[in-house]
Every structure is written in structure tokens, then in C-alpha cells.
Amino acid sequence: MGLGVEVRHKIARRAAMEIKDGMLVNLGIGIPSLVPDHLPADHTIMFHAENGIVGMGKSPDLGKEDAHLCNAGGYPVTLQVGASYCDSTAAFGMIRKGLVDVTILGALQVSESGDLANWIVPGKRVPGMGGAMELAAKAKKVIVLMNHREKTGSSKLVKNCTLPQTAKECVHMVITEMGVFSVLADGLLLTDLFAPFTIDDIKKYTEASFQVSDTLTVYRE
Amino acid sequence: MLIQNTFDKICGLTDITYLFKDGMSIMFGGFGGIGTPPGLVNLILDSGIKELTLIGNDTGFPDIGIGKIVTEKRAKKIIVSHIGSNPNAGKYMTSGELEVEFSPQGTLVERMRAGGMGLGGILTDIGLEEEIVNSDKQTVTLAGKSFLVETALTADVSIVYAKKADPYGNLIFDKSARNTNPLAAMAGKITIVEAAEIVPLGTLDPEEVVTPGVFIDHIVESKGVDWQWVWE
Amino acid sequence: MLIQNTFDKICGLTDITYLFKDGMSIMFGGFGGIGTPPGLVNLILDSGIKELTLIGNDTGFPDIGIGKIVTEKRAKKIIVSHIGSNPNAGKYMTSGELEVEFSPQGTLVERMRAGGMGLGGILTDIGLEEEIVNSDKQTVTLAGKSFLVETALTADVSIVYAKKADPYGNLIFDKSARNTNPLAAMAGKITIVEAAEIVPLGTLDPEEVVTPGVFIDHIVESKGVDWQWVWE
Amino acid sequence: MGLGVEVRHKIARRAAMEIKDGMLVNLGIGIPSLVPDHLPADHTIMFHAENGIVGMGKSPDLGKEDAHLCNAGGYPVTLQVGASYCDSTAAFGMIRKGLVDVTILGALQVSESGDLANWIVPGKRVPGMGGAMELAAKAKKVIVLMNHREKTGSSKLVKNCTLPQTAKECVHMVITEMGVFSVLADGLLLTDLFAPFTIDDIKKYTEASFQVSDTLTVYRE
């Protein structure tokens, strides 16, 4: 995402605040994978992987990798206590039934009404949706972590998605390097501001319209 | 220990070469190459067959899993949820050499399972409003709610990877290498399992068997992977 | 060994009495009473609730399994594949006291699973030409072949029986007492498991878990059956 | 069925001849349950139970019953070597996919074209179809074992079923105390005759029309 390590961890730390004990959580690749670093050591959160793990732990120590114990990206992981394996239908049954409490994923665009586009750039990159549609449509809470803007400078928080949609009105929260937005029935609400960015900065760089919370939390550097 | 071939299912790779033919459909187990049977992938490559329809979770990596077959341009069509980890698949799709049918991952695996379970298909609301998913599909309305009709998938041959197989074909899998293998195991008209270990009948706990042997036609012993994992 | 109640799922019967209400739907695991949770059946009886819709394989025997609830006339409707072993069910059906929806057994269990998997339903050709099955059902034609649309089943509460449960609700079952339990376990809006044994977190092999704990809301310890089996 | 022990075993013995090594076989209650008594001791046939057993063995010795290891009728069984347990969906997936090689069941009526009625007597007995529809419609070979006639004397091999049908054109073979019929594309063929019954006896007591095989096998008593 072209963000520095500190900013990436700032975003991950804020996302971690949305996760409570006992929840089932699915993390996408990139910044979302940093979220566990910001959870209490004695948490009882269970991590879900689309390839059939409930209770996926952190990366193994170097040399302790098991080629048959990997995350959905194909990289070695370990198990949490109380974990289980299942086949892919059960892994997605949990998602479709709404048992994933929080999914944290990246995005290409998010619209004012919470539409998500995160899987295709027509004519450029067509990787396939993988499990993104199920996660986006069915997780109880969908949190998007993304750069506020494209490399070209254009806003990724848009009035309407111009890229093909992954799922409609599915995003609950967007966290960027500038701040945190909640997607409410009447539109976006800026709830958190990451200094040194100002509300004016965000207004300038955001295509979507948004309200500012009366109880805006401002994070100093 | 000597394994008795009670059900005539245990065989060598050369015994099953005859099953592979140009233009056939092959369903494969595995997720990002993990749990895809390496010996059977090589058998398919060595057999020289082409114009294949491949059905499975994804196209692996260029030199890993089913990706090797895609890279060698043996497939004319793939039915998958994801090709992102294999740039060759994207390249051939763009050039028109490879037809790609994308199915959301959870839908794809239910379609595979439905084929194995003798069902016609399933109803889901995933992708109902997304054109890549809903185009040309029937919808059914139940109690005022719309669902897409997603059809069952079967294949001429399924290839799967297991940790252990007994002579009846009862299978257990290995950690997250289970993934789509139990589904592919059921959905083939003929199913071949490559097992890391073949164990005597009666040594698998009846409670721990994931795939009952009745779904399995041929059992070969695995020699392990001949590729390097992405993290190595 | 002391069991830590890490996920607040382990409880006593009195802690969950509040879940049971007149007119609710209850899905139950079990097949001919085998694998139906005896303590939860008694809890339902003791709670005094009535006008229930019961969903499961069959109505057990008059004094065994869910049959006890049917015998006591607590159900207004049952969705099952079979009532042959419980003459009371037939009697109440004939007298108009009990509405019975019959579903072929394989269809019924797929409907239960579909509910648990968040699907809208399944397509099958079983019963396509049999009026008891096909009446009032939609059909879908795929590649010239007709299928019945069979809708997913869920319930307000599911009750299941397991051999072992850990504090997360990971379950393993006991021999043929598994039957419909893994399906009912997934399909409840709330699922209660009665386990013969509650074991510490981390003691179940992750490979052997049949029902992942995420589907389970409440865990109670079983005191065993209080009925006599038909063969005893 | 009101048949003597010897006749019941004669029917079961004939049915056993249709089962070969390696087959998956589902047996109904009643006479079908006697079939295993007539198989070679070293057979490799696997028995299927709808409640989730592949590899169901014979009844246990008295006092060795396990309440959690029973057949679909609720009576204790044992396991064959190589057996496995599964949930009810897998048990029926095998049936629907056509992996059950032979199912042997009872019937109320069988028609000339192989229609089966075996689950309901309207107004009298409505037990529900259980797994009969799947087994009848999808097993590779459906063998019906039944009395040739009702207690009232009327034929159970009929031109058209008058009782509600379990599945259409599904029966491949009918074995009664009088003989064995194959259901062929052009109708019923009597292939085996159990003496002392004669072809004339069968003609007299059979409503359905049938041909007699050129190679009729006659079993002396």
C-alpha cells in the first residue's frame, strides 16, 4: 500500500480495537495481517482461514514451517489452542451463516453507502474474487483498511464505485492513514482523525461526502 | 507392513495412464497448490493430454500444483475462484487461449460438493447483484427472497491428495491440505487419490475417516512434491 | 480436570431454560432416538412449552428421544422423513392434532445442512414425480433435466448430542449416534449441545473435530439416557 | 411376511447370488436382513446404513450391544473391518450418486414396468418414506423381496401400482416365494421358479403379465 511501517501499524492498532474476546475473525493479506500484533496476549479471539482452519495462529519460527499448515495465501502458520480443521464447504458455511464476527480486508474503492470494490481492475488485473464476495456480504462487521488515495491521487472513498462491486452496502468501517469512517444508514461518519491530518485534509482528499462525529477522537502522533 | 489389495484399488501410476484423454474434465483438490497431488499432476503432464477443463479452487502458482498444467497450456477452460497467484493463467486468459469461469469460492466448493452428493445444484444469494456471477444464471424466489441457481460440478476424473488411505480408499487428510480434497474426492466420475501413506485395512479409526472409501476408485502412493513452496 | 469456561458456553440446564418458548421451532439431532440429547428433551418437557415445530430425521419411539415430546402433544408440526416407529405421531396426525411435513430422508438432511451453511436450498430429482414430495414445490430445469427446489431448514434452537465437547464447542460424536447431529448443530439460530464429556480446550485433535465450535452456543453435560432402548 | 423360516431363507439365498465382492449393499428390514447369512465368509462386500455407517457388520453377541452403534432400524450392530462413520448427508450422497450397487427391500406392490410402492397405505399406515425414495431411485440394482400375494390373496405384482409410488421404473428384480422376475425394458421375465410352484401357479396368482425365460432355472425343494 506504499505506507510506512509505523502508519501500517497505526491502522492495524485501530482495527484491533474493534475485535473482542470470543469473536471469530478473518483477516485479509497486507495490513490486516498485522492486527494480531495489537491484541492482548491472553485474548480468546479465534482466527478463521478460508482454506479450512478455525483457530489459525501466528507464523511459525524459521525452520518450523509445515507445508500443509498454511493460511489462505499459501504461507505457513501455526494453530491456536482449541483449533480445528474443516473442508472448504464448512469454512464458507461459517461465513455465509454470518458466524464471522469481523473481517478485515483491503479495498480498491468503497462508496458512501458501503459498496465494496476489491477484486478486479477491468483490463488490468482480473485475479478472481476468491472468497471476497462471501466475506464482504456476510461477515457481521466488514472493516476496510486502505490507503486514502490511489497512487494517482484520486480518492478511494468514492460517491459510487466505478470498479466492479464485490458486494453491495457491506462495509461497516473504513480505516485509512488519515482517519476512521463508520458507514451509517445516512452516509459516512468520520469518527477518528489521525494527526497530523486535519479535517480539511480529509475533505480535500475524499470524493465521498461525510459527516464529522460530534465526539471525534483525535490520535496524536 | 504388507498391504493387501483387497479391493483392487491400489495401483501404480502406469496402471491408470489410460484414464487420461484429450478434452476431458479433471477436478483437483488443493488450495494454492497445498493439497494438490504432485504425482498425479506430473502423470497428467507426462501423458501429454491437452484441451482439458480443470475444476478446482484456484490455479496454484506457475510451478506449483495444478499451476504446472496451466503453465504448460494443457487447459482450454478452468472453473475456479481465483487465478491471482498464477500470472500465466491471467496472461492466457487475456490472450484468449484460456476460458475462465469464475465462481465465488464458497459457491464453487458447494458446486463441487453438490456434484459429489448427486444433487442438481444449490441456491445462494452470493453474487446475486454482481454481473460476473449472475450473468446467464436462473434465479429462484423463496419467501420473497431471491437466490441464484448454482449448478453442480462433476468431472471425468478427480485427483486428490490424502495423508493416509486404506485399501478401501478411506481417507484422512493433513491439516490445511484437507481444503477442497474431500469435495473433489466425491465429485469425480472416477476418483484417484495420491496418498502419502497407504495403511492396512482396519487401521484407520472409523470415527476419523473423512472421505469414505466408496468414493475412491484408484489409490497411488505419493513420492512427495517436486516443487519449491513460495515461502521456501 | 478443571475445565475453564473460556468462552462462557458451558452451563447448567437451568441457565438455558429461558431459551425455550411456546410456538418456537426446534431442530434435533438423532436417528430413531439414537443421538438425541436426553437431558435437553427432558428440559423441553419440564419447561412446559408447547405448539412446537420439530425438525429432524424421525419421531423416535413413543418413550425414546424426541418421541417423548411428540407423545406429550407438545408439537403442532413436525418436519421429518419417518414416523413409523412412533405410533403416537401417526395417531395425532390422523386426528388432525399434528401437522406432518414428510421429506425424503436424504433431502431432509440436505435441507438441514443448507440451513446451517447459509444456503437458500438445494436442487434434487428425488420425489420429482411423487406427489407427496413435489406438491407446491418449484422446479428448475438444468440442461434439460428437471429438479425440485428444496428449501433450507433452520430453527430457533437446535439440540444435539455429542460424545465430547471442548469449551469452544468443538464436537466429536459417538459412532452411529453422529447421524444428523452435525447438521442440526449448524442449522440452529442457537445451538445447544449435550455432551457425554466436556474436555479441556486443546485436548481434541484438530483433525478429528467434526463440528467446529463456532456453531455452538451452549454446552451442557449429559447424565445419560433415562429411557430403555427397544432392543433392551 | 407370514412366510416360514425356510422359505424366507430360500428367498434370501437367491438374493445373495446377486451380490459380488467389492459391492456396496443396503439391506432393508425383514427378509433382506437374512441375506448376509448366505454370503461366503471371506466376502469383501460392504454394507451401508442410512444412519451413517459404511461397513456395518452383524448383530453383536447378547450383552455386547452398544446403544450408539445401531442400524437404521435402531437395533445394535457391529462393524466390518474397514468401516467408517459419516453424517446422514454423506450416507445419502452415496445413494444419490449411485454408489450403492445393490439395495434389497420389501414392497407393497411392484408394477410390470418396475414402479415400486413400498411406503404408504393411504388411510391406514402413513409412516413416511424415510430413505426409501433415494434407495429405490438411485441404487444401481433394486431387488424386491416380497410375498407373491397379499393376505387377501391379491397379487402384489401388478399391472399398475394402485398404492402411492415410491419411485418409478426403479425395480430390477423381484423375488417371491414362487420365483424370480427380472424387470426388462419390455416387461417382466420369470427367470427362476421355486418348486413345488409351477408356471401355471404363478400365472394364476400374478396380475402382471410376464414372459418365461428360455433358460428358466428351477429350484427343487
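Miscellaneous remarks
Residue numbering begins at 1 within each chain, and the chains themselves are lettered A, B, C and D in the order written.
Convention: a contact is a pair of C-beta atoms (placed from the backbone, for glycine too) under 8 Å apart; a residue touches a chain by one contact, two chains touch by 3 or more.
Here is each chain with its UniProt name: A, D = 3-oxoacid CoA-transferase subunit B.
As the structure is a computational prediction, the values presented were derived from the model and not from experiment.
The chains in contact with chain A and with chain B alike are C. A count of C-beta contacts for the chain pairs B-D and C-D puts C-D on top.
Relative to the C-alpha centre of chain A, the farthest chain centre belongs to D.
Rounded to a whole number, the gap between the C-alpha centres of chain B and chain D is 36 angstrom. Chain A and chain D have CA centres that are 57 Å apart. The distance from the centre of chain B to the centre of chain C, with each centre set as the mean of the Cα atoms, comes to 32 Å. Chain C and chain D have Cα centroids separated by 30 Å. Residues of chain C in contact with two or more other chains: 110, 117-119, 124-125, 173, 175, 206-207.
Shown for chain D are the residues that touch two or more other chains, namely 85-86, 89, 92-93, 95-96, 138. Taken pairwise by the contact criterion, the protein chains fit none of the simple patterns, being neither a path, a ring, a star nor fully connected. Interface note: chains touch in the pairs A-B, A-C, B-C, B-D, C-D.
For chain C in complex with chain D, the residues that touch the partner chain are 31-35, 57-58, 61, 80-85, 90, 93, 100, 102, 104-107, 109-110, 113, 124-127, 129-133, 173-183, 210, 225, 229-232.
Residues 22, 24, 44, 46, 48, 54-55, 79, 81-86, 89-90, 92-99, 138 of chain A are the ones touching chain C in the complex.
On chain C, the positions that touch chain B within their shared complex are 110, 114, 117-125, 138, 140, 142, 145, 147, 149, 151-152, 172-173, 175, 206-208. Remark: chain C residues 6-8, 116-119, 166-168, 170, 186, 201-202, 204, 206-207, 209, 212-215 touch chain A in the complex. Within the complex, the chain D residues that touch chain C are 49-53, 65-76, 85-89, 91-93, 95-96, 120, 125-134, 137-138, 164-168.
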